[in-house]
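Take a look at the structures below.
Common to both upcoming complexes is subunit A, partnered first by subunit B, then by subunit C.
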Partner chain A sequence: MRALSPLLRLLGGRLAQAGLVALLVGSACFLMVRTLPGDMAYRIAASRYGYDLVDTAAARAVHAELGLDRPWYVQLAGWFGDLARLDLGTSLASGEKVLEKLGIELGHTLLLAGVALALSALIGLPLGALAGLRAGSALDRAALVGAAALRAVPSFVLGVGLMILLAAEWNLLPAGGVGEWEEVILPALTLALGLAAASSRVTRDAVAAVVASPFFGFARAKGLGDGLAFRRHGVRNAAIPVVSYLTLQMVLLVEGVVVVEALFAWPGIGHALVHAVLGRDIPVVQGAALVMGLLFVLLNTAADLACWSLDPRRRA
Partner chain B sequence: MLHRRDFLAGLAGLAALGHGRGALAQAGTSAGAGAAIFRVVTPYEINGLDPVRSGFVFTRLQIAETLLGADDGGRPVPQLATAWSLSEDRLRWRFTLRPAARFHDGTPVTATAVAACLERARALPGVLINAPIARITAEEDTVVIQTTRPFASMPAFVAHSSTMILAPAAFEGETVRAILGTGPYRVAEMVLPQRVDAVRFEGWDGPAPAVERLSYLAAGRGETRGTMAESGQAEMVCQLAPETVDRLRRNPRVQVVVQAIPRTRLIKLNCGSPLFSDARARRALSLALDRAGMARALLRSAPSAATQLFPASMAEWHVPSLAPLERNLEEARRLLGELGWQPGAEGILAREGRPFRFTLRTFSDRPELPVLATAMQSQLREIGVDMQIAIVNSGEIPAGHQDGTLEAALLARNFALVPDPLGTLLLDFGPKGGDWGAMNWSSPELVAVMEKLGGTADPAERAALRGRAATILHEEMPVIPVSWFDQSTAISRRVAHLTVDPLELSYRIAGARWAS
Partner chain C sequence: MSLIVEGLSIHGPEGCIVRDVGFTARPGEPMVLLGETGSGKSLVAQAVMGVLPAGLRAEGRILLDGQDLLALSARERRGLWGRRIAMLPQEPWSALDPTMRAFGQVEEVHRLVRGRPAAEAAGAARADLARLGLATAARRYPFELSGGMNQRVALAATHAAGAPVLIADEPTKGLDAAMRDTAAALLLGEAREGRILLVITHDVVLAGYLGGEAVVMLEGQAVESGPLRQLLAAPRHEYTRRLVAADPARWASWPARPVPGGRALVEGRGLHKRLGGRELFGGLTLEVAAGEVLAVSGPSGCGKTTLGNMLLGLARPDAGEVRRRPDLGPLSFQKLYQDPMAAFPPTGTLGQALTELLRRHAIPRAPAEALMRRLRLTEVLLGRRADQVSGGQLQRFGLLRALLLKPALLFADEATSRLDPVTQQEVMDLLREVVAEQGTALLVVTHEEALAAKVAGRVVHLAPQVVGLSPDGVPEAALAL
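Take a look at the complex of A and B:
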């Protein structure tokens, strides 16, 4: 029982955080979109009907239909009222229910993010561990240069490069689309390379620190081989900073998803967010940002729980 | 050897299961399973199901139909209506429906259902709202559209995608819940806003298309579309970015079709402004533009430099005898001098102490527009005109037109919003100008000419009137033409008998076959 109360405190804190996120994200998105330059009604009409067909009559119709002349606080309060009933409203552009729409798009994004994380773990963690075990070696230095280069390249450029190489030149993978399993690989790889660049360095540092520590030296001194000493005494100790860092990577992932989804025609939540901002589709902007914000809280909670179970000192 | 396409086709069944989540599946996706898939890639996302929003996707894919279609020249051809006629008083259009036509839910197409669908379209922003329609009714197997005045462009208006016909079951109240059209293909599956899969409709009353299955994908980035064409991942890729065209031309697997379409990039001027109220000032700006240079260097298509408002591809409206628009800085300076403009501080022209300075609004929905604006900025600077550029939302142009704050705008205008350009011209150059057309400019003669065109059926008289309209616009220059549009489409060599529709009404997949 004694071990449970810090856990409950942790979960309670995260729950409060989730509530705050909803409040702040919802209001901030609403106010930001409202203060963007340009007449909202025209912009919404353009995203509905195509700019060719948008004239003042169409914009007036949109204005009246959506009640855009109501005071802003009435509109914002309306959104929170709906949110309390778990209703995120209706897209101003397409007329779809935001909750249904985001549910579908979130599914696509989570699939993409999941594959990207798995690929990045496959690439980054072993590479980082190897470099850490041989800190200062040629491999370590080469990995550093490679990671710095990959991190420095924007995901858009990386994506186009991979597309040209793997899709156009070698014809191994499709360049874009959604539905077939192979279509997730290129966008996921684009994200994964950027993630692996960073996670390999964190893993390397954590492993190097463990290898240099007195307890690891003691394990070696009592006669354990390199591999066995690392598996018994290294992995768990090195994992704590790595797990915390992987969570931070979600920030990179969310940032990358927005660009990569648009590039690879992947109908995920980042893609939806970009279109909604351009089209002044406030309910979709609020909904997408809210879902992303809550996702952060959820991931942080998951990381806390993982560290909690990895590290017996926290449970003490 | 296993080709990727065969591999993909083999996977089709699996894939249909694979993305069940999030897919708006419509009943019975089994037909044509295993057949090769014709894949179309375009930049246009499917923004909801309503015909006024994304009808064009479904009409182009021949899933839904409009009453009439149009041939390459914009002349009406039968589609859901087999015949049409106009009453003696020229106020009643009668459309006879294809007798064996069926909706994709199996129900027969009735005149009542069609009339209801058109009435609904008429109440929403689209093109029908701009037609002088009194009412739309069903009479036996015909649909009757009654107008308040003679309106010769009606066949073109009922060819617009926002007037596409859906089954009564497609609607739930006012909302469209499914695409139940009447075309040779029916929706098998949708992943909005990116993808639509369709299969041959067994109830189709015409000859069965050779292509059994098709898949539409919206890929917004030009780089992505270019790569998909290059790697053979699509049978048809629309709207190629200029920089990808040269590379694709060298690819033996694809054919690049470049086609002029009835669309013009133009500068809209506030003719009420003291800067532009005199036609000579507008002509001077036009004379300063290096259209040939911009077409070659920025658009990578020398023939797209505009010599008049209507491109040569709009044969009925293009007047070959008009003096082509050219660059002539000397003449431009002379015209501005006539108007009292003298070189002032920093080489900017001035008149009564005021510099020749204005702001041009443009938008980035079409990525080439800001680039063209920048080029024109430096070209105008050569004659002492200081043009500032504001990159705004497209809506700022009609809004600025309405509140009078707009000075100039660079935009792209589609003259085939409906297949008959008169539809667009009426919107743009009427007595009060138009949001995307003239501003504070009108020509009683042009208005009279367009009115006559709307009521005349005699071909010779119509041709003369069209020529007159084009000439007035050329001389008065309420808008300054900059360049015409070329549309580049990549078509895979695996496909035969596929032509590209210059009016973008259809991808014409039902008429294509697989190359053997």
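Take a look at the complex of A and C:
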């Protein structure tokens, strides 16, 4: 029982956070889309019928059909009322159910994010651990320069660079599309390199600190070899700051997903969000932003739980 | 079985640091290296273990059962760790893996170092822990154990691989009297079981408790050696004599100072304070008179520093009141901190710190320089940073800084507990003289009962907190940091 209550507190806190996210994200998206320049009815009509076919009559029809002349707070309250029944409404542009549409897109986004995280772990963690074990060596310094350079390049430049190199020049991977396993690699790699650049440095610092710690020295003095000492006392202790940092990285991931999906025409939530903003498709904007916000809370909760199980001091 | 060190010299980039040290350690009879910080005694231990810092090189012979350790490769020496030579960590609470239960930290040595099967290793680990009175601690993490219990877990892990040689480097650093006695008893137990015990310490009380043989080191050389009891009873070398005399129990009592009377500088009435869920004191009343020397003593974690802070106004009591004499401003109450390094800015010189102080409080330079001379601080030191002077010098700078403000009361919070014994005595002597000259009242907070008894006209003893007491009598919070 003693160990349970901090866990419940943690989960309760995250649950409250999820509620707040829904409230703030929903309202903020609604207000932001309303304050964008241009007539909303025109933009919606344009995304339904195409720019060339829009006239005042079509816009007026849209206006009446969607009840856009109702006061804004009535419209917003309507959205929250539907949300309470787990109904995210229908797309203003296509008339699809937002929940169903986002369900499919979320699947794509999760695949992309999952592969990206796995790739970044494969690249960043071992490289960081090696650099940390040999802190101050040539390898460590080279890894630092590499990481700084990668972090400094925005993901759209990195993505275009990878496309030119791997898809156009060497013809190794497809530059776009969805369905085949090869197609996820290029966008995932774009995301992963940025993530690995940061996580490798955090891993390096964590490993270097653990190796220099008195308890690691004591493990060696007890007679454990370097490999055993690292496996028994190094990995778990170094993992604690790294996992905590991964929580922060989720922001980068969610943010990166929007850019990279747009760049590679990957039909995920980020891609949908960008299109919905352009088409003033408020329910989709709200829905996509909400799903991304909740995803962020969920990933944070997962990282919290990982830290909780790694570090007994948090359970006390 | 024996450990023989012959003509051991240790060279660094700037020359010879340890010169021609030799001794023979035998099973059952503790071998103690006594000396102050910088005497090179820890380097000798590190040379025996094979963990000299990079850039240092040992010469001579270190014979373990006739085998010269210095002739072995680094890899061969690693192979001896735990199995032939074990080293007790200096601060056990930071040497244990914070994320592994006590049991695992002992069990892994039996299983992975000695190569015993899992079931046998688990049984041996349980037996080790039970023998040290830690049966209930096996499932707990280090942060859930008291300092004393962690020390015993570390000891169990240290000798689990069965090394016949045990090295303990400053095993009582930072411990209060009760824990020091526990540590000494444990070490003596190790020797009585037939191990070769090499203890490095500046603590004369610990050395006297252990007995056996001793080598006294000063500036990298052995200045005196022989059976410990004899050496402590009749020291021949001047330095040994000073070291023995520096034990607070042997100090001359401070002369009682005439207390002018009148209103107390500060009085606390019915003070209550809880910290970390424990009641430190419930309804304590005390006062400090002008010109008085008052000591507060008690084991770690009993709240003595908190009490001093409350009298100075640095901490608030939960209930009760503290009244300082109304004609005295806040500057009349000054504090001398336990860790002088933490009380000085890490960048910038001591001279800059002093100049700032003089300007801020409009104190003329001449009396400041006079007080500096009085505290035996030379002008040269003003050009150095806090980390470039010795602990004793830095604490005297702390004293200078506090006394320049002409306080009515100076609160010395374990002010000499991190200093070597001889330095501690020097600083305390100087403190006695200058506060007497300036008529400053002194509040001494210390974990050393002997020191409190020698310096103070009155001693307030704070009892260990019953609520937070662990099974071995060490306050849980003592070393929970």
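Note that the second predicted complex is superposed on the first by the 316 of 316 C-alpha atoms of A that agree within 3 Å, B and C clash if a C-alpha of one lies under 4 Å from a C-alpha of the other, contacts with A are read in each partner's own complex, and residues count from 1 in each chain.
Assume a contact is a pair of C-beta atoms (placed from the backbone, for glycine too) under 8 Å apart; a residue touches a chain by one contact, two chains touch by 3 or more.
This one's a predicted model, so the numbers in the text were calculated from it and none came from an experiment.
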Fit or clash between subunit C and subunit B when superposed on subunit A: fit
Touched partner set for A:96, first subunit B, second subunit C, both or neither: first
Which of subunit B and subunit C A:184 touches, first, second, both or neither: neither
Partner chain(s) touched by A:232 [first = subunit B, second = subunit C, both, neither]: second
Included angle at subunit A between vectors to subunit C and subunit B, based on C-alpha centres and rounded to the nearest 10 degrees: 160
Which of subunit B and subunit C A:174 touches, first, second, both or neither: first
Per-residue touch tally on subunit A - higher for subunit B or for subunit C: B
Touched partner set for A:108, first subunit B, second subunit C, both or neither: first
Contacts of A:220 with subunit B and subunit C, given as first, second, both or neither: second
Partner chain(s) touched by A:267 [first = subunit B, second = subunit C, both, neither]: first
Partner chain(s) touched by A:297 [first = subunit B, second = subunit C, both, neither]: neither
CA minimum distance (subunit B, subunit C), superposed complexes, angstrom: 42
Residues of subunit A at both interfaces, subunit B in one complex, subunit C in the other: none
In the complex with subunit C, residue positions of subunit A that touch it: 213-215, 217-225, 228, 232-233, 236-237, 240, 310-313, 316
Residues of subunit B defined as touching subunit A within the complex: 4, 8, 11, 15, 18-19, 21-22, 41, 45, 47-48, 50, 52-53, 125-127, 129, 162, 175, 191-195, 217-221, 223-225, 227-228, 230-233, 363, 365, 392-396, 398-399, 401-402, 413-414, 417, 427, 434-436
In the complex, subunit A residues that touch subunit B: 37-39, 41-43, 45-49, 51-59, 61, 91, 93-96, 101, 103-105, 107-108, 160, 163-164, 167-168, 171, 174-181, 262-267, 275
Touching residues (chain side subunit C, partner subunit A) in the complex: 49, 51, 78, 81-83, 86-87, 89-91, 94-100, 108-109, 112-113, 141, 143-144, 154, 157-158, 160-161
